[in-house]
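Take a look at the structure below.
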Amino acid sequence: MTTQSLPARTDAPARTEPEKPARGGRRLLRERAGRTHHAGPLAYILLVIMAVLSIFPLYWTMVAASTDNTRVSQTPPPFLPGPNLFSNLARAWDEAAMGKAMINSTIVAGVIALSTVFFATLAGFAFAKLRFKGRNVLLMLVIGTMMVPPQLGVVPLFMMMSELGWSQQLPAVIFPTLVSAVGVFFMRQYLSEALPDELVEAGRVDGAHSLRIFWSIVLPVARPAMAVIFMITFVHAWNDFFWPFVVLDMTNPTVPVALTQLSAGYVRDQSLIMAGALLGTLPLLAMFIVFGRQIVSGIMAGAVKG
Amino acid sequence: MGTLGSMRRKAVATAAAVGALSLVVGCGGDGDSVTGGSKDGDKVTITMGLFGVMGIKETGLLEEYEKNNPGVTIKAEIAGDEQTYYTALQTKLAAGKGLKDIQGIEIGRAKEITETRADMFADFAKVEGTDHFLPWKQSQITTKDGKVLGLGTDIGPMAVCYRKDYFEKAGLPTDREEVGKLWAGDWKKYVEVGRTFKKDFKGGDVSYTDSASGLFNAMVYGYPEQYYNEQGDLIYDKNPAVKEAWQLASDAAEEDLTAKLRQFQPGWDPGLSNGTFATAVCPAWMLSHISEKAGEVNKGKWDVARAPKGANWGGSFLGVIEDSPVKEEAQKLVAWLTAPEQQARIFKDLGNIPSSQKALEDPSVKAVKNDYFSGAPLGEIFGAAAQEIPDKQVLGRKDGTIKDTFSQGLALVEQGTPRDEAWKTTSERIQKAVG
Amino acid sequence: MATSTTKALAGEEPPGPSRAGDGKETSRRRGAWLHRLDVKGAPYAFVAPFFVVFAAFSFYPLVYTSWISLHDVELATLDIMEWVAFDNYVELWGDSRFWNALQNTITIGIISTVPQLLMALGIAHLLNYRMRASLFFRVASLVPYATSVGAAALVFTMIFERDFGMINWGLGLVGVDPVNWEADKWPAQVAISTIVIWRWTGYNALLYLAAMQAIPADRYEAASLDGASRWQQFRHVTVPGIRSTIVFTIVLSTIGATQLFGEPLIFGQGPNGVTGGANNQYQTLGLLLYEEGWKNYQMGRSATVAWAMFMLLVLAFVAQRLIKRLRSRTS
């Protein structure tokens, strides 16, 4: 929608990283985007406030997981960790049989996130930069699929999976979410701004076919958006509860399904439940750290060089 | 264009992803059998689907059964939340696939199961050694034509939990016998005691009881017919028992005798730990919650007295799927798990009151006392309360929903809505939920 | 719309270096044919996976949903469906709960979405600075999205609890009477919006950040040469530079707000969560769908709510398009 402003900088000299070889359209990619300013003290203060507010519930999960059932419900509740963190974590790991659940969730969320990122980039590129009949209609259709509330599909989907013989199997959880309309739409919006038309054009002039253009021109540009889609899809798939609960069982669960075992009993052991919740969140944090690095400008240049 | 190296790396990554996918697909198993159990010569595997509160796995009974019956392997799954469990169970019943050999059934679902899914469950009528239950318990899981779809686990007879120290500060008796006598036979007297409490209590901001809905539930559950009659018609708006309970609970709400809380809802736990109310109408299974949430500091301050009238709140059943390949073995296991000895053991370990008449009469059950509640003889109190529960308990398909809707209606009264208006709102909502 | 460039892309014959160097006529023609196939066919091949998976796993449930909305059917007895034609729709139209839920959905949607996107924009802008510990801040901003529903529920009930909650405690310190966050309508809607904002701001901020990274540095340099302040650069370079992504988040938030049900469910917990408060004071359309389907087990009526929500969104987008067209015509 706003691609018209891009051609203006075709001839701009590469300023930010002059040591990189400048050649053809790729010169555009090496432009370090945005980050011309250093953060001032005010920026740090605001971000620290943001970080504290964001992390507090997780911190409190840790506090609750480190004490015992009675202390959690006291008023005021404790704000410093108690002594039982590791014993509660170990107990939660055993009682919820987390080993298998972790492996399953990693497979499920990993496959879904990889496939979503790949297909979203592919389709997002087509919608943003290629011209074909019915493009706008198809795009509206993609957006339309987001408007359908997902909860209702559970019953017919379960019957379908039983017919396929997939109930209690991971494919039942993986297949329906291999693609995501959110991903496609986001990538389309992102690429229509981030990917200069001349780059694709230059590729065509070089005689590259569409797939090659996709591999060597689109992918490097799309990298920050791909990292974001990967992160949010992975989290979503990891935390998805209702459908996996219906279609899987405890012999082959994902993490949230396995965690339901911890809340059994007339008295819910709050610290055990929180220890489980913490266990379930830790892999996500690790994943964030790995993929958070990808959302850095300058990566694109490296990718092209590599 | 990217160098060959980077392209190859990407290609390899893609191939790996595709490979992982096909691997996952490849391990798809058979979806043909109805349940998860299997029989292979002498080796029998029985699967169980349970929800939070049945106490079967926690007490080690399954291991014991496996030890005594070589070749039997039991795989039990416990879901925390009954609502989610039941939704999944219904989906699987509708599909006729993915079930466990043994499925837990909560009392609120018993009517729906007997009315709509009787053909999916095996009949226990002819299974031996299953005639020791309270008569009303088994009638709840029996269809009109006499098919018994499951066996009872626990029940929920009611008592009143109260704070001795607060009663003392209000000049009321503290001994559980005397407290019981204050309101014996009539819930109106219970509210009357509340008025005295409110007038005479010195010592801070303490309400007489936690919630109007707790009182309402206890009253309604004390009648054979509640929201439905035996023909299955909705009678909540005509039933004098419901009307009476509504009026009395509204009295308590309007006269500010309640802490405006709702049991098991946010705010109730901190209310317990801070001691903001002096009494709570409590089914047996609520006691462990109270002791956990009120905490060590309040140990010995709580006590348990008989409720004005017998009533039942909660309890469950175990059913077996008709088409299970291990139907007989599963029924045998259920019969053993619900036998008097096992029920007595669950009570002693966890406090779930047996639904077995025989277990209730067991001297070792009667002798159970609880330190947290000032040494109250729980076996005796709840055993006696169990005997007072009306011999007939008519269930309805939407009992749970209607109960929740009434609780919300009473919450409106507690917040100041006139009771007639609140009744009207409640009635409209029930019509919509049921219709 | 980038029509001028896409025309170029759809490409007349490329004069590019022919790789069939030996110049055989057939292979050149085959190359041209392949090229045309590539240009015409590749876009469809690229978008096909999405539609294939959607058709395989979502289309049937969708049809089933619309079919079921024309019936009176309960989850327990899915095999017994009573045909009622459009009765469910007529009934929903006359149901005060529907209009109440619609109103709540709109008000909560506005209270939660507007501050959320503005804050996300601000945070993304800050994260786009050169700074220390930038990875930490990026990860931190996404933590709420990853926090389990159970943990979030526990924390927020603790914060908003009437008698012993932190906020009322804080209000008490400055002499304000305690607020009944759950039972009163507007406090409840504000509290729920707070949870929504908390959960989704970082998510949107990261989307914005990714888009900001693609803005070329020379635009900022040109702006600063023109003497633009940081604020002016933000307004005139950053915001226009990520306009498409902002459109995306607005569309997504509108859809999300219409389907909102997780946060009010968390906030109420138990029966109050499902009905959106004792007086339906914070019941959204998403919650109404959930209540009908997974509490009352009335699948037909639940499906009807789903379709009503879908129609509403379609209406909203059509209306938005019309307004846009009218405005561009008048200007």
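Each chain carries a letter (A, B and C) given by its place in the written order, and its residues are counted from 1.
Methods note: contacts are C-beta pairs under 8 Å (C-beta built on N, C-alpha and C of every residue); 3 or more make two chains touch, one makes a residue touch a chain.
Just so you know, these numbers come straight off a predicted model, no measurement behind them.
Common neighbours of subunit B and subunit C under the contact rule above are A. Comparing the CA-atom centres of all chains against that of subunit A, the greatest distance is found for B. Remark: subunit A and subunit B have CA centroids separated by 39 Å (rounded to whole angstrom). Subunit C has its Cα centroid 15 Å from the Cα centroid of subunit A. Those residues of subunit A in touch with two or more other chains are numbered 75, 155, 206. Counting partners per residue, subunit B has 87, 91, 94, 270, 274 as the residues that reach two or more other chains.
Contact of a single residue of subunit C with at least two other chains is seen at positions 75, 78, 164, 294. Of all residues in subunit A, only 69-70, 73-75, 107, 110-111, 114-115, 118, 154-155, 158-159, 161-171, 174, 203, 206, 208, 212, 215-217, 219-220, 242, 245-247, 249-251, 260-268, 303-304, 306 touch subunit B in the complex they form. Those residues of subunit C whose C-beta lies close enough to touch subunit B in the complex are 75-79, 95, 97, 157, 161-164, 180, 182-183, 269-272, 275, 278-279, 294-297.
Interface residues of subunit B facing subunit C in the complex, by the touch rule stated above, are 83, 87, 90-91, 93-94, 112, 116-117, 262, 264-267, 270-271, 274, 276, 398, 401, 404, 407-409, 411-412, 415, 417, 425, 432-434.
Residue ranges on subunit A touching subunit C, taken from their complex, read 1-5, 9, 12, 15-16, 28, 31-39, 43-44, 46-47, 50-51, 53-58, 60-61, 64, 75-77, 119-120, 122-123, 125-127, 129-132, 135, 138, 141-149, 151-153, 155-157, 160, 175-176, 178-179, 181-182, 184-186, 189-190, 192-194, 197-198, 200-201, 204-207, 209-211, 214, 221, 224-225, 227-228, 231-232, 235, 238-239, 241, 256, 259, 270, 273-274, 277-278, 280-281, 284-285, 288-289, 292-293, 295-297. Those residues of subunit B lying in contact with subunit A across their complex are 1-3, 5-7, 10, 14, 17, 20-21, 24-25, 27-32, 36, 49, 51-53, 55, 57-58, 75, 77-81, 84, 87-88, 91-92, 94-98, 269-270, 272-274, 285-286, 288-289, 292-293, 295-296, 350, 352.
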